[in-house]
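Multiple structures follow.
Two complexes, one shared chain (chain A), two partners (chain B, chain C).
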Partner chain A sequence: MNDFAIEMSGVSKRYRFFSLEDIRLNVPEGQIMGLIGPNGAGKSTTIRILLGLVHQDEGEVRVLNRRMPAEQIGAKWDIGFASEDMRLYESMTLDWHMRFIRSIYPGWDAPYAQLLLKRFGLRAEQKIKGLSHGQRVKATLLLVLARRPKLLVLDEPTTGLDPVARHEILRELTSVMADEGRSILFSSHHTQDVEQISDRITFIDRGRILDSMDKEVYLDRWRRLRLETPAGVELPALPGIIGVRQEGRLAVATANAFIPDLVGAYESAGARVQRVESMTLEEIFVANVEYSREREEVQA
Partner chain B sequence: MTASWDSVYTVYTEMDGAFTISQSDKRAMYLQIMEQIKQRIALGDWKEGQPIPSIRQLAVDLQISVITGKRAYLELEREGVIVTQQGKGSRVASKPGLGMQLREQELEQHLEQAARIAGLLGMRPRELEERLREAGDRLNHRKAEKETV
Partner chain C sequence: MRGSVVGQLILKDWVLYRTQLLLMIAGGAIGLAVVLRGGQGPFTIGAVAFFVAMVLVAHMLPMAGIVNERKNKNLAFLMSLPISSTQYTTSKLISTFGLFLISWLTLVAAAVVLIETRGMAPRGFIPMLLILALLPFVGFCLMTSAALVGETEGWAIAANVACSSSYGLIWTYMVQVPALTANAAGPVPVWNSTVLRILGVELGLIVLILALTYYLQSRKRDFI
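What follows is the complex of A and B.
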């Protein structure tokens, strides 16, 4: 028995100009993991390693209880992968693609495929070359979803989509989760999407994982404190505070390990805490990347 | 037994259309969900002791993660607003007067907020009392005006 859909530990892959170092992440079965990172952070490489498309130099990868890349053939039946650069046959219709996938995967759910056609506003008889970008993304997703795979791996599924199409896709992804035995890993620049639908989040930057944990716990650790500092008061350096910006008497402190005691600590130093604000995932993302890069440069 | 559960259930899933998670709302999503559930109970739409959607169902309906739904339900349980039984799902707590109690709680929060801001402005309790009375008078005055028009 294993309760993880994905387990990666100590995974490294080195290229000439880029390396992925010590990647460790777990996706419990029945959960959605959102993978966030700037362009070139290593999201796609990580995804390709866990699919067995790229072989790691070091480290353990288990997907649906199979070792990757050694057992990738067996695992592929239960994994549905979609990415932007997936090619469909331009001169063929969507229906042709549906029949093609159906002939390979016995788990193809034809009624669900029909439902998805309707929900996504697609027409089966249309040729791929006539589809817009958004329709192509939805068509690719339909072909993957209707197989009802145990694990969905999606590389940037909402990039370049209009708000309506994005919501259609998020709705479909969350409805997949009505079934407890299924799991999703998806990468995105859209922190709002990740914040909305993920159970866990992983931040990746420059080939390293900055954080990987339960979303609710994570959001709870970050806070912005708005402070008023009377003349002559120096703000003390406090543990859990990763940065302070000051302008005149007002200061803003960012905490990545917030505890209510921080408020008391500032107040006993003579500052007044006006407000403690929670942060959006986007704000945390930017603060976290900046902080970790600064730290890296100090160490270097 | 199952039939009655199902029928109650359908009523509630139909009502989920009114649940909305706002991304411009500065508060965490689980807090927004908690507030909207409390509102339904305060208004009597969700009655004491009645079954409510499962966490997974709520997550699908609201297009949010299961973990966020779980967080909201856990906090509501801690506050004694809902009860979750293993294998039986969740229901509104069977406390007589729960709706009224939740409305009282909301008033309490607004009063505390007003007291806090008054404190920041250096206002004395007497002055705040006076301002509250004035606010009440203004409301009544506006209501009366509307009625005469």
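What follows is the complex of A and C.
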């Protein structure tokens, strides 16, 4: 036994025009991991491998201490999975879906399902085809949450939702985590949603994990330095600075391992540090992806 | 009540498709009722309605139960349940096969009973009836296989078109085979070697297609 809900090591999957390379991802029990990547980065493929729906070419995958895909049936009893491209049966009611799921899962929590119906403003007797997109997402989440799974895997669950619906769903996910034994893997390209609820963040791009660490560590380490460079002053290459954008006498340096000494180092070189700014997760994500792609092009 | 997950999936398909199925059985039954009116005209019209109902069931089940489930993105919902891809295949084969068998057996049994008890057609026609009725059965298996293994609507439509265009040709050929037609108007069913050989080929094809489907599905590494 160990303390990880998800463990992926050295996982690769190759398609004709896309490959997932050497994926290493650990989600500790009781934590929310945000998986952020642009469209086509490999988030959904990673999640499908986790669920045993796609078999990896190489590497080890363990979910809730079960080897995937070999032990996927046992693992899926305790996994709640919802994805943006998952649809319920249009011609049937939400109540029919609830009865269907209840007939499978012995742990179905009927009072909680009723509570979620109220909180999400859903009517059990309504047919799925009569629901809006937001209501459909909420209905799917209701079916997942009322099973009381140990691990929630959510693939872009908030895509296409209005701000109110997104807020309701994120609030519910946060309240689910009141039970400390639960873990969530939450994939999205909406960094605001991920930032709001995640403990840890993993960035993925072009089939590779770029970085994976605590959210607070990201927010602490990444900074933007606004500099003024008098004529004739050349900015030095400093460790922890991953990029400098120069426009006339003004420059913006991005740090992925900020320490206060960087300010002194620039000033010693003759530059004037106007401001040191914190970065949002979205800005960190974009900077990270750009830096990684530039490095990839240089290496190529 | 809580059964196995595969059992619940089979039950789900029954609930989802029973109405269409019953409507099609009713269509076939109406065809038989028309044949009972007697005369060449009603016989032709009724027989066509009977076989059209059978063909519709054979084509509807794989399209609605497998192709549309994938196209409408219900498959991701099902595969989030504690089942493997092999169990999904098992549930689909049992449910579609079972639903088809219900309608096929109902229609064929009704036709045989009406021949035996009401003289709807000569008793010698029974072997020909079975041979003709087994053809949509083979078509059903082919389309189910294409829908499951091919995974795309294109494959299912291709199988659909291939089967639909073959029925007429094969039926036309069958009713011209002397070993089949010679006894069709007779008072007793004659199970000669030609009849048995054709029935054997049809049944063999059904078993072969189903086994091949299972084998190909079990070798898949990416299911969704």
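What we mean here is this: the second predicted complex is superposed on the first by the 300 of 300 C-alpha atoms of A that agree within 3 Å, B and C clash if a C-alpha of one lies under 4 Å from a C-alpha of the other, contacts with A are read in each partner's own complex, and residues count from 1 in each chain.
Note that a contact is a pair of C-beta atoms (placed from the backbone, for glycine too) under 8 Å apart; a residue touches a chain by one contact, two chains touch by 3 or more.
Only a predicted model underlies this, so the values are computations on that prediction, with no experimental measurement involved.
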Simultaneous placement of chain C and chain B on chain A, clash or fit: fit
Applying the touch criterion given at the start, work out whether A:Leu219 contacts chain B, chain C, both or neither, answering first, second, both or neither. first
Based on the superposed arrangement, let me know which partner A:Val252 touches: chain B (first), chain C (second), both, or neither? neither
Under the stated touch criterion, which partner chain does A:Val276 make contact with: chain B (first), chain C (second), both, or neither? neither
Mind working out whether A:Ser198 is in touch with chain B, chain C, both or neither, as first, second, both or neither? first
Looking at A:Met92, would you say it contacts chain B, chain C, both, or neither? Reply first, second, both or neither. second
Identify which of chain B and chain C touches the larger number of residues of chain A. C
When the two complexes are superposed, chain B comes to within a least CA distance of chain C, in Å, of 26
The chain A residues in contact with chain C across the complex are 48, 51-55, 69, 72-74, 76-77, 79-83, 85-92, 96, 100, 103-104, 106, 140, 144
Mind listing the chain C positions that touch chain A in their complex? 1-3, 5, 8, 11-12, 15-16, 72-74, 76-77, 79-85, 87, 221-224
Interface with chain A, chain B side, in the complex: residues 21, 23, 26-30, 56-57, 59-60, 63-68, 71
Counting only contacts in the complex, chain A reaches chain B at residues 30-32, 167, 170-171, 174-175, 177-178, 180, 192, 195-200, 214-216, 219, 277-278
